[in-house]
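Letters A, B, C and D name the chains as they come in the text, with residue numbers starting at 1 for each one.
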Amino acid sequence: MVELPPLTPQILLGLTAIVLFGIDIIAPDTRKNGLLASVSAIGTVAAAATAVWFLAAGSGDYRFVQFDGALVVDALSLFFAFVVASVATLVVIGSYDYIEGEEHVSEYYSLVLLAATGMSLMAAANSLVTVFVALELASLPSYALVSFLKTDRGSVEAGLKYFLIGALSSAVMVYGISLVYATTGTLLLDDIAAEVAGNQFGGVLGLGILMLAGGFAFKTASVPFHFWAPEAYEGAPAPISAFLSSASKAAGFAVAFRVFTTAFPLDAVAAVAIDWSLLFAVLAVVTMTLGNFAAATQNEVKRMLAYSSIGHAGYVLMGLAALQSGAAEANAFVLGASMTHLLVYGFMNTGAFLFVALVEYWDVGRTFEDYNGLATRAPVACVAMTVFMFSLAGLPVGGGFLSKYLLFAGTVQAGFAWLAAIAAINSALSLYYYSRVVKAIWIEDPSDDLSLAGTPTGLYTAVVAAAVATVVLLVAFDPVAQTAVHAADVLFAL
Amino acid sequence: MAVAVEYYLLLSAAVFCTGVFGVLTRENALMFLISVELMLNSANINLVAFSHFYGNATGQVFSLFVMALAAAEVAVGLGIVLVLYRNFDEVDVRNATTMRW
Amino acid sequence: MVGAFDFTPAIPLLPFAAFLVAMLVGHFAPRLLPKGGAIPGILATAGSLLLSIWTFLTVSGGSYHAQDIYTWVVGQNTFSLHFGILVDPLSAMMLVIVSLVAVLVHVFSLGYMNDEGETGLPRYYAGLGLFTFSMLAFVVADNLLMAFMFFELVGLCSYLLIGFHFREPGPPSAAKKAFLVTRFGDYFFLIGVVGILATFGTARFVAVGDGVHSFPHLAEQALAAAGGEGTMPEHVAHFLDVIGMNAETWFAILGLLVLGGVVGKSAQFPLHTWLPDAMEGPTPVSALIHAATMVAAGVYLVARMYGFYALLPTVLAIIALVGGFTALFAASMGVVKDELKQVLAYSTISQYGYMMLGLGTGGYIAATFHLMTHAFFKALLFLGAGSVIIAMHHNEDMWDMGGLREKMPVTYYTFLSGSLALAGIVPFSGFWSKDEILYEALIYGAGDSPILLAAYAMGLLAVFFTGFYTFRMVFLTFHGEPRSDTARDPHGVRWNVKLPLVVLGILAATVGLVNMTPVAELTGLHIEYLHQWLVIPEASDFAALGYDNYHHLLEQFAGYHAADIGPLAPGAVSLALALGGAGLAWVLYNVDSPTEHTEKLGGVKTVLYNNYYQDEYQVWLAQGVTLPLARAADTFDQGIVDGVVNGVSSVSLFAGSRVKRIQDGLVTHYAALLTLGLVVLLVAFGLLEGWF
Amino acid sequence: MLIEALIAVTLVSAFVVMLAPDEVAGKLAFALSLLPVAGSLWMFGQFDASGNALFESGNLAFETTARWISVGPYALNWHVGLDGISMPLVVLSTLLTSLAIVSAWTPIQERQSQFYSLMLFMLASLLGVFTALDFFVWFVFWEFVLVPMYFLIGIWGGPRRKYAAIKFFVYTNVASLVMFIGFVALVFALPVQTMDLPAIAAALDAGNFQTTYGLGAETLKVVAFFAMFLGFAVKVPLVPMHTWLPDAHVQAPTPASVMLAGVLLKMGTYALLRFNFTMLPGVARDYAVLIAIFAVVSVIYGAMLALAQQDLKRIVAYSSVSSMGYVILGLVAYNVYGLGGATFQMVAHGLISGLMFMCVGVIYNVAHTRMVGDLSGIADKMPVTAAVFVAAAFGYMGLPLMAGFAGELFIFLGGFSATFPYAQLFTALAMFGIVVVAGYLLFAMQRVLFGPFSADTDYDIVPAAPHDAAAIVVLVLLVVVLGTVPEVFYGMIQDAVNPMVDSLPEATAFLTGGEL
């Protein structure tokens, strides 16, 4: 019986990237989009499947420390490895049609897989060094992917903005890491935790933590590091928008969850340096409000989704904000709820962006008006989109309902009813703009010359699969919720 | 004569702020990149100084990682600047404003 | 042994069956319906009449009946609500009156509706059937709630029948007004019913059998306890405790609330305004509903629960005052009307005023008596008017008539009989009953109650007006020279019109003989049959409904006591006044070509023509106050309440459109804002955590 | 498993209809909707429950429990069951849906299969709302109801349908969120690790709070009560949270209006009854005067607004606001007649308002206008419709022996017997609604149905289609039956509200025993 290494999902993703490069080296000039997409999909599915298998087998019940503590495998890392890998699966399947006919197809898939590797490593990072390295591993391919359409001004502009803000943010983050190192003398999360209590350089440490949080805020598109997000999501190829707004965000949260709960125990840190719960509460409020309010008046569906993605980051931030010292059960609940939301969000948001990809494929247009009456031409995809929109808005057509309300409930339970109330206001507003999409595709009449070219198999498969997953998650939510809460338990149990 | 470690903090802070100032004032994408490099290196100052202060190698090793990643970042960045130039005929970051609001 | 009481439920149900037949057959197979539904209606009401008479005879034998028919709501841990039948002298008498008038009206309708070729006859007869059903059920109701329910159904039927000619603008409007005005009264009535149920836990008029109570009796006990005798029923005590009122005040409020319904239905001031308008309905309907029965429902209700009212002197005084005032008030308006049915309408209001006066002044028997006599003579007058209207091709203006006496003798003589009764001319029925009311009012008023005396005075004065307008009507219609072509050559009427007139004419002339109090006084004979009829032996379970009990309650609780005045002198006075009125009418109008003398009234005339502006102020209340208020509320609702809602949405969207402006597309600005945000956080948390 | 079967059958029917061709969708949907009708009637016949679902003493009908989701220590269970309060509402929902489907045959000519499918989806979720006994299960259905309604208004509605749909959608969703936060805050303060409603009710009754967020138990209860009250009040709707309703009604197609007025509004009062008034009777008692003021204002203000309207649908819409105010009054009275009457009135008003909307719809189908000023004297041309309209209007006015009277009477009896301060005065004031309702309905009838015929429309006024007439006649008969034999439902309703009454003795101390 062969023992698989605990990092198998990450390794699979990385290996697949290398295989893709290899294929390109062996056969550089042939058309092989299908082959590459298949290989990518097999790799990501395998990674997701192993993550699930490990979780089911109980591998996540303990912390498998790898490389002297630089990486760790536990339920959290497996959970997010699954999220990243499943989103990547949908994205590569959807990309098959989307990038058909583009150049550098194999680089595209490899970069997606490399970024996925980085994201899944983020969830496993247990040292600030690996945090940074994994984060950059996720970021650098993303920059390139966003500007993948080299002749498209929007894509290039998006890449530029994403890159510049990203570079600035990672500089801030590295500086923050250096300050943490300056005050604690170590970069291993567990060791930092030991040094934090009663630290004499509280101010410097606090500054470091704040800046470190900035790095995570960039990855999760939270205020004030969110500025890249609307443009990057709008300009990027739609599958990449899906990938970034779902997987990258989830990974950012994964690493934030681990770093803040492991390295900076709230009571100790709050005593000497900074009450990061308050910090995240403030960020959550500002982020969700800005995201939702800005989304409300957008004209383009994709940009609306971009802002809504910022809004959702705000909701998930509540999971960090509502953590309290010494309330293990409540913490596990709310953090677990955040994680479930990220998972469900992975499917519904990816699905939504892939629907946008589908519409871009049809070349219908980008504004709400352009979407008018799509349901008369493509009812199946539109049902799926409706599921995504209503699920994102928190209506019980998909798992988003449960995860969002569990998150709200967890926040309330932690005593942050005011935070949940603000989230509720935002959620109501979000219903308004999500239903604008639904209104456009179902209620408005199509323009006379609306006709759709073809039925792209890959995109359809991905969209429908995402929709099915979203709906199934409403009914079969139990395993997800249990796993997430369990992962949070393991995280707190160190 | 050992310089007190706090002064390295001040130095790094000064370099960091210089970098930030550059980021905020420069419009040329390359200058922007260089400013970011400054900020990264200010972190390196800290890492190396405190590595010495604590007597462990962690900081120094990490500073190597940072340099390597900075190089990778610049590589990607230059690629993006290149396509920026191709599409917008300039490397002024203020030109690319087709998407807003 | 099967007795009459086993069939009592069938009395109301027969007309209901007729209603169903007329409605269903009329809709699905109109050809199968003989005479547009008249025949089933006549058969059903005739059946009811027979059963009523049987019941009546059984009651004469001294056996009464109370029975729960159907428990509508079985209360769990609370009181139940049920339908039941109560047959006592009062209801037995009323059953006969209602079913008799109903039969006659059905027959008359053959002439008035069928022969005139009206359309929609099944609807008409269905309405009549439903009405008769509701009224009969109301009459036999053994509790106030059931009474209220059928009271309301009666109102519905009135609405449907007044608005029978719905294609014209007038009748629907009148129907609406009738329902609305009476609904206003019923609002108070319903509060009263609910209040009585809540206070007493029962709405029964009489308690027969074990473990049941009646609210008048509980009220009596409570008042007695308040006066220091016996114990307060626990339930009542608790309720009074909750609302913090004493029994007397609260019961008076309840009494007044129920009275609201009475005032509405019996068209008493100030809710009388619907009745003249209701003359838009077909004339037989006016006869049935707006004279003999539905309007009687109010007065009947007071009589029905007299055991309660007799406890409440304040309410009695108000009843008397309202009654007396209405009698006078309405009579004065009747003086100037030009249309036959209008005169009758105002006379109806006035006559019910008398009944209220009677009830208020303790003249229970007198009022009941007048209820009976009035039912006959007013039905007669309306049917007579209907006959005239047929003859006049539906022209109702008395100034176009004249001289019809020769052309239609049957109508004339029967109408005259009714008029004499109405005017109160001896020995016609109206004289006896009206006179007795005035007599009772006088003796109780003189027994140191100036309010009752004032009410009496108004009632007495009204006698003169009554005599005047009645004979003005008779003379203008039947005497003198014909004043129009139709009057010269009137349309003939058939047996189906004449028969009811004759029956009612005889009754109007004779029915007063059942209670000739002055004669009894004079001769010492025991001929006050109605009085004896309404007395229930103390041994009976139903004694609480008997006159003796009421008399006793009046004396004990209301403090009524009679002054010792003989019946002859007051009778003579009222007769003289009636004759005076009639005589004045003779002088002014019994000429070949009468002219209007209303000019002599001067400014009063305008007021009378406009009915004291009662309609105007009520219309003003509805259209000048309520409607603008509703519109203002609507504006407020659309502008402010909904405005806030839309405002919140607009403000949110506006805020959204502003917020997104931060994202101005310039990446250098993003970097600056990012840095700014970081610095703000840094400074804020630095200050908060004391880093500096 | 009967409840699950009922919901499943409805859902499957919805999918079947969705895939059916447009031509047969209406008939097919009606035929399939008879399955839930038959099912619910059969359940009604078999109904053997006693007591209240939220009380331990309650013995529920068709109850099932199954594990659904566990989140850490918290268990969300699939828990459904029926008691005397929910059973009548289930029957109401199925019956009204069937009739509403029939009433859609004429007006709905586009995208029919989608329309009927949505109707059945709505029924499925309504069944869930009225049967669920776990908060989350209930909440899933509660929120899902919005989705079909949004489409029904948005796609098949009138000229301003998009505005009305989104207003309905967002407004009621905001309310749900407020309610959600209030309720879960309350639950998490209790030592329960479940969202099971009976368990929560029992824990609240025991009153052991494990935390009160620094508010104190009483304050927490009050805050939670009013958060929930606000949430449900929007759905009811109570003034001043009512303005979505007229817009939604006026724009919605007739069948959707029927469902909206007939069943959806009842969700609000049902929830108030189940949550606020069953779980926090003490707070309801303490703030009875305030709630009663809301109720009275709704009744009178709603009726006044109806008086000012020209659109028949708007008239009925505002009168719904008025009628639902009575329900609140009944709830706050907190005795058998009050609570029972409130429940009964939900059913009665469901039938009658549904009937009114159908009548208006039938007229609109023919005349293509609903404005009072545009039509006159149409009784001549549409005799059956006019007759039913008159019957419906009188039913609405509370004509005895029709269902509305029974409901209102019970509520008035309850209100008058209530022991909170000025209960009698409030009741009397609210009762004035019966005069105003008569005012506006009589005015409307006089102008639309009666008088000389005229129609300011391009369409011929002809008698209603037979199926339209049949639907409204059936409803009238139901209304009459329920008014004549209220025990059909009222017995089980009383049975279910009695435990509530017992839980708050001070509210009802003096109304015990049989007939007094």
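Throughout what follows, contacts are C-beta pairs under 8 Å (C-beta built on N, C-alpha and C of every residue); 3 or more make two chains touch, one makes a residue touch a chain.
Keep in mind that what you see is a predicted model, and the values were worked out from it rather than measured.
Put simply, the chain nearest the middle, going by average C-alpha positions, is D. Here the CA centre of subunit A is 77 Å from the CA centre of subunit C.
With each centre defined as the average position of its C-alpha atoms, the distance from subunit A to subunit B rounds to 26 Å.
Centroids of subunit C and subunit D (each the mean of its C-alpha atoms) stand 36 Å apart.
With each centre defined as the average position of its C-alpha atoms, the distance from subunit B to subunit D rounds to 64 Å.
Counting only residues that touch two or more partner chains, subunit D has 170.
Multi-chain contact residues, meaning those touching two or more other chains, occur in subunit B at positions 23, 93, 96-100.
Annotation for subunit A: residues touching 2 or more other chains are 160-161, 164, 168, 172, 230-231, 429, 432.
Shown are all chain pairs that touch, namely A-B, A-C, A-D, B-C, C-D. Looking at the complex, you find that subunit C touches subunit B at residues 660-661, 663-668, 671-672, 675. Listed in rising order, the residues of subunit C touching subunit A in the complex are 649, 652-653, 655-657, 659-660, 662-663, 665, 667, 670-671, 673-674, 676-678, 681-682, 685-686, 688-692. Across the complex, subunit A meets subunit C through its residues 160-161, 164-165, 168-169, 172, 202-203, 206-207, 210-211, 214, 223-225, 227-228, 230-231, 273-275, 278-279, 282, 289-290, 292-298, 307, 429, 432. Listing the residues of subunit D that touch subunit C in their complex gives 167, 170-171, 239-240, 242-244, 301, 304-305, 307-309, 335-337, 377, 379-380, 384, 390, 394, 397, 399-401, 405-406, 409-410, 412-413, 415-417, 419, 424, 427-428, 431-432, 434-435, 438-439, 442-443, 445-446, 449-453, 486-487, 490-491, 494-495, 498, 501, 509-516.
Against subunit C, the residues of subunit B that register as touching in their complex are 20, 23-24, 27, 93-94, 96-101.
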